[in-house]
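Input: structures, listed below.
In the two complexes that follow, chain A is the common piece, with chain B as its partner first and chain C second.
Right after this comes the complex of A and B.
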């Protein structure tokens, strides 16, 4: 079929263009992070690791990296726990206002980040909790829990509802059943949720910038460097952040995909 | 007779306004194979789930060994269930599935393994012990599910349509496995099914349920030969139901006039009053056929519509002049003597004692 082939070629080009638009800036940023010239221009200068050496020697960057790590790990744990609890309550129970309850939980990602960030800042200031690391963790948990919940809810929907009753029937208490049946069944989704929420939190700028105060995370420090002057260090940090986020997202996908394949097999 | 193992005492179950079980009063004897049969939505699965503690009765009491079970949590009961969906744990191997109940009961690791393997061997699937559940066939999964329940060495085993997902030839095999197991272990089986052939093939006693109530309790033979009412007669199938008006009643027999003719029926506990409506059934395998009109007795002339072969048995579907359907079941080699084809007129007849009068309800 001729028309089909033409269409396929056009679609292929279209997809390639999208990928180019998304990834070209990142790739250029990576390339320039190894470029000896101070300004990002072509032709390129010599290959150098100077900028990496510089950021590794910068205590501010180290502190920001540590903050980012603490925030994203804590966020991942809290958000995935919350996500699991809401997904399970949806799976297990029927109650009045369940629809609005679920809608409310899924709401945060639909609010523009800048509004969310401002609201968080205003609220934290009001109750005297702003400018702390845990402020970022709380804000990020609210922001990312819906992602974890969505992934885990998908998994629970694949579960034979008799599985839980079967565990009770065989002498498992509610807690034992949670531990030996529900959690093992959801494990791939829980891991996927952990990596996904960690990645979102690690990247997130707006909310972090507003509520972080002096506890800057990596995205916040990147902005500060860019604001001051043009410095290829930004490219080096950006490369790190990108690699870490990508690793997390890929891991999340791997767990997501492996369980999909497994459930297709069975 | 020993004391009943399980007693359902005026048990009702409502889901909101919907009444799933109207009122159940029956006993389960120790060591019997009891089948609960009925069309879907008759409340049979709800009954089983109440016994397992997965649903709480709205009214009434369920007693197990004389102890009231209403408020006992499912995990504190010893009533393992074999699920229609099997409900095997997909993230565990066959052996780990079988060990699950023992693990929950705190049996130590070595004993768990030993008992699980023993049961897998008994079920003939020892070689699959360390296989993932998803790699097993339907019949193998079935055996894992049985082993998982039986390894608990329960007094009573509940089965909820466990064979409904299997191929026909496997169903017959598993029926034999189940009856053998039940005889050998001597434990009580409560088997829920919508399949008459499964219930009648395996059970010592059958409960027929319809619309949340018990329609009849009895041995398969009782239910087949003497269905209590029209619902049971129709559900059991393979029989002829005739309805009409009572013409006369004598000591042992009564005459009933139906559109298909006037017939003599034996009286039973059902009260027949002259002029009232009455229905009776004749099992399809108790009807004889002949080319020539029989002398006297119960007879009806019919036209052959179709034949249905199941192995060496054949069921004839016929119609009389009024369009009433008759069924006759006989051996194929018996039928071949008649050399019949569709549209042929033949005579049906049956002994008076073959008829059974139904309760009007």
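Right after this comes the complex of A and C.
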């Protein structure tokens, strides 16, 4: 029994170390963003808001922030719509070529982003759609729709399959049933999908960098600054990006979990 | 499911089924197929002209630097996968078998956050932490060690890959092992199986499918990442993603970059299919 307890303590410390490794870069980036040293080390320098003042005074950063906002909101709406349609089709219908149909939406995340970036860049140039903000939106909705689809599909799994038929038997048309039964039932998952796809889009840099042209998003700005040299401004922008994407992912998870709790109780 | 009356196709069904088909054909299948076609195009005076020539393929595949880069990338991605799987395992084991249901949920909740949180900034943060005068060397200095060169080495690259893959691998391993039927483990113990033997002969075989899927994802992520080898590995060795980047961005040689991309996809598909075949292969005597 004693060895068992020792083992538990060792495993506990091990898990803590893994979490420390995973969260260290995020926490240090936040600390460095308030640190006066250009090359941060131990012991830390003085507290400063210099880097924040710098980025707030930089019109490029503001423009990029606006671009990022437009891209992630538009992507979230399109990707979640596509994800919902596909999840519902998969839930409700059986049809020929369903395997390839599902592969069509689920494959993109398994292809390295650098490859998608090259393919998108070449294709958008070919069809005359490159270098625009909407090019990034389109590319991101291809990449993120599977996440929305997965979240919504899991929610539909919890729906009693007879619920839909019951609504039909009570005289509701398919469209009315969709509006009054299925969409309300999926609402938490739809919100979760919106937040998750917005987060992924907000952080994506490889594809954005290739297809954005002059319309840079925040991660693209970071990528360009980082290529130059160590510049603590990156930590300030990074802290901002971390806070937004972490908030989005937490919200996505909260909505995802809230419905699980409810369905467990019922 | 028997109560579903509609097998026929009507407007309602098509409204939900068609959007993704249109969208993915134009913006996913289109780009990928075009990239394949592009690998046969020619570049003249910095302009791409449509053609059907094998010159890009023969040029790229006959170059030593392509194959050096290819084998380096395969090797370092494989090392990354082995490291991530081994480092994650004890943590996943603890979370799956020693932690309470709610602790496990919290752990997964927390690990999902970094997986979706700016990998680029996290890598830059490592760049600062691991640098010659950085935090790690600062701490080691107090106990009279170092300074060590960690950037621009394979170690640096691997730290980046772990940052990318560890959260996902721990999550997948934990979920897989938590789903094992606990009575089978009890049974093994009661029959006198020692703890380590239980891990090797009961837990790992039972969670084989999930473990292989975790490894495949880890390999795909490491194989396709250009940030870690570029910033933390200092492009000492050119990986295939860096090769694509250089060829596209500086050389304007999109068709040759396409050749590299197709070789990468081919390799990933081969590895994924082999892995999945292994994952679902029935063991001898299993029904």
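What we mean here is this: the second predicted complex is superposed on the first by the 260 of 266 C-alpha atoms of A that agree within 3 Å, B and C clash if a C-alpha of one lies under 4 Å from a C-alpha of the other, contacts with A are read in each partner's own complex, and residues count from 1 in each chain.
Following the convention adopted for this analysis, a contact is a pair of C-beta atoms (placed from the backbone, for glycine too) under 8 Å apart; a residue touches a chain by one contact, two chains touch by 3 or more.
Owing to the predicted nature of the structure, the values given are computational and were not obtained by experimental measurement.
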Give the label of whichever partner, chain B or chain C, reaches more residues of chain A. C
So, A:180: does it touch chain B (first), chain C (second), both, or neither? first
Chain B versus chain C as contact partner of A:162, first or second or both or neither: both
First, second, both or neither for A:42, with chain B first and chain C second: second
Scan A:223 for contacts with chain B and chain C and give back first, second, both or neither. second
Check the residue A:98 against both partner chains and state whether it touches chain B (first), chain C (second), both, or neither. neither
For A:172, select first, second, both or neither according to whether it touches chain B, chain C, the two together, or no partner. first
With the two complexes superposed on chain A, say which partner A:126 touches: chain B (first), chain C (second), both, or neither. second
Set of chain A residues, in rising order, touched by both chain B and chain C: 162, 165, 168, 174
What residues of chain C sit close enough to touch chain A in their complex? 1, 3-7, 9, 12-13, 15-17, 19-21, 23-25, 27-32, 34-35, 38, 87-88, 90-91, 93-95, 98, 107, 109-114, 116-129, 131, 133-135, 137-139, 162-163, 166-167, 170, 220, 223-226, 231, 241, 244-245, 248, 254, 257-258, 261, 264-265, 268, 272
Residue set of chain A touching chain C in the complex reads 8, 11-12, 14-15, 18-19, 21-26, 28-29, 32, 39-43, 81-82, 85-86, 88-89, 92-95, 101, 104-105, 107-108, 110-116, 118-124, 126, 138-139, 141-142, 145, 161-162, 165, 168, 174-175, 196, 199-200, 203, 205-206, 210, 219, 222-223, 226, 230, 234-235, 237-238, 241-242, 245-246, 248-250, 253, 257
Within the complex, which stretch of chain B touches chain A? 52-54, 73-77, 79-81, 83-85, 87, 89-92, 100-101, 103-105, 133-134, 148-149, 152
Which stretch or stretches of chain A touch chain B in the complex? 160, 162-163, 165-174, 176-177, 180-181, 184-185, 187, 262, 265-266
